[in-house]
């Protein structure tokens, strides 16, 4: 029943200045709209479609940038981790550790993330039914950590295509944990451009709005001032200059949804 | 940008009194909520999962009941047709002819329905991509009839399961024709009970709300005073006594969506 | 345990001479390979993707051509029907009435086909699980007709794509009725070319061989001397001049499969 | 064109004696049938559906058992790795490192495996199209290692279900690398029993035979003397006492397939 949280940022960290520019603008946009803001960016893209895809600035430089953002803007920061070892290191800096979708069933990753005590955001695998998230929650809870977020990011639907099943949101909400809608990855077309993923940017606001109307706790949106030149996930990112209007509208739906909770 | 239309009724006609009871109650509910109401019921279920499933009262008795409802309540009436021959007969009575999903590519059916001059509501086949509806529209338009509705009712997703892809709604809306969300069939589980279809009634309001937030022209909802005893589609119907609250909430989302149109 | 039957022909009847040319060549090919041959062609394509697609020569002219072929070559003939009325008419000429996949749950069609006493070949809908075919069989058996064939022709797999699930073949075989693999429609890409279906001709022999290795009773293959100019289904048809080698190889796998039956 | 290789063993290592018993029996079975044999077992199940699922004996004890088997029986040995660090350690003992399906796009894993110089068997992710394997191959080849195997193990098909698309086998074969059919995981029902995966053991021979008829280089089959008591993947494993007859039949299809190569 709390107002919508917006988890947003570039897909990957490009530079300190670039990250700060986006964090600054998004903080203002969210403050104006009454949304809580969490900055998101990756220091490493560990599973690029092809070897030639840019990986990012690496964990050392990346965590330093995230640490700066956290302190400069006084906002929570989220990043994704790719090995057990990275969990503890990243948790020294960030508020939320994110488990990538492909890794969502790797038991040791989940345990390592849980043990840090940080909030753990698990992206539901493209190969997973929403009711299977209970097993993943149990793995994390076994560490004593119950600060868990569950994210929908689309499910495999034939080849090179995802579909976002709206039933997934209330099903995951029944676990009692906050549910996040990843509006930009849900419209990804995995491997759809041969050496990289395609995407349908125009449908990201569609996914975000439908999910917010159902009362999700948060939306996850990747954004860039010029998506077509972004080093990753450009095809499905929302241009930064459209984020203000989008979030403004989402907050109206959020208010209505929170006043009229849907239950299954 | 007009307020939401609600197409609702029992899955199949059971008796004159039963149909009138539901039409009367739904008319009141919709009037109170500010929604336009269209009564829906089938005189024949031509593609029951199994031979033992009840077919309905037949075209003669059925059209008489629909005619009565139309005159008694002064409301538009919709029914589905199953052969070319039925189109002209049904169009003498009803306002909207509905093409069942399995038949949505049968050219002669579409032409026969178009030629009646009645509104034609085409349910998108479970096997069809939303962008394929353009070809179906062209078939109907070739008769000179441009009174067309397009309905999403779920897409095959593995066996015995459907998924409702929210992208389908704005994609179909780009044709310029009104888009309908069939909230109850989208949560059907085809053949899921062996000799009949199962369903997930609890998700019908989820589908309806997500679609209304995206600005659809109408929702399609099957209802019954006691779904568990309904002769067909009971598992996915919404109990009649829950329709008032549901439609009331949907109208609030509709007002917000129509004031904030989404475009792709 | 009988040798493989080959159901083959052009997708649609183009002319009497064309049909005879294909029937003649295929009869020779099958005789040389030791396969039983059934000629297949459609007099009407009732569900073309778009209005502009060629429909065919119609039922009167088409049945005359089929009748000629049956008598001239002394081979069984199969055609597909699209309405109840067509069942009795077509059954006067052909040996096997085929129920199209989209129509496989239309009860009245199944009953009308069953009542003719002809063999009824039901194509499993792209939206149907193999275990749902039992309900369809019961509909036909209710007419007293137990001469039934069951055909796999692919299942919806995301948009514009089908997948052929090999499990379907032994599942349907458990009904006791002969199972047919439709190798060319299984590799169709429905609506994949916008105004018509695409296809992956190169995979038709893959599907045929996998199915024959599992011991199916028959394969269904559309063929044409110049598929790229065929009026329908060209993208997934096998060139006529490749049929000899294909069927020859299939018969070797058939012999091995029939000697080593697989059971589930 | 070489005879079929059989990769087989228990899903996870249970004890030294148990592993040796299976390796010994399988070696005899394969020798009798003329198949090359590779022993497969896991020292750790790193992504069990639920926390309560048995993980296995661990890397130290596990590699010791594998080393023994390799020397005792003079057969190649395969195991799966779960982190970059495990690659080099496992490669000291085993001939083939296997990349699990969920991890098939983790670049650092692929590079670490490639750098060992061992054969690398990549299982195609349940979320991946077969034509995306080219990108994965390029990652491994960048290490100078071109000893690569590609394995089909099913693709997501709705929730809790996989489908094995036979087109995948010739598509992957076009890369020039040997293709393996994982017959037992392809019939897994992920998460299908709530806290663990279900499976359809009866279809594993169906998948194996269809793939062998298409000329795959190898089949991958998990086996156990009493699958219902196996610590993992029991529902889809083939009982050890059925392996002799199965492999015998597969070799006949293999000979025919290799003599009649299929090309796309």
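As written, the chains take the letters A, B, C and D, and residue 1 is the first residue of each chain.
One rule holds for everything that comes next: a residue touches a chain if its C-beta (ideal position, glycine included) is under 8 Å from a C-beta of that chain, and two chains touch if they have at least 3 such contacts.
A quick note: this is a predicted structure, and the numbers were derived from the prediction, not measured.
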Copy pair chain B, chain C: interface residue numbering same or different (half cut): same
Most widely separated chain from chain A, with each centre as the mean of CA atoms: C
Selected pair, greater C-beta contact count between A-B and A-D: A-D
Chain A and chain C, separation of their C-alpha mean positions in angstrom: 48
Centre distance in Å when chain A and chain D are each reduced to the mean of their C-alpha atoms: 33
Mean-CA-position distance for chain B and chain A (Å): 36
Where chain C touches two or more other chains, by residue: 155, 157, 159, 163
Complex contact set, residues of chain B against chain C: 46-51, 55, 82-84, 102-103, 105-108, 125-129, 131-132, 135, 138-139, 142, 155-156, 159-160, 190-191, 195
Residue ranges of chain C in contact with chain D within the complex: 155, 157, 163-167, 169-170, 187, 200, 202-203, 205-207, 209-214, 249, 252-253, 256, 260, 262, 264
Partner chain A, residues of chain C touching it in the complex: 157-159, 161, 163
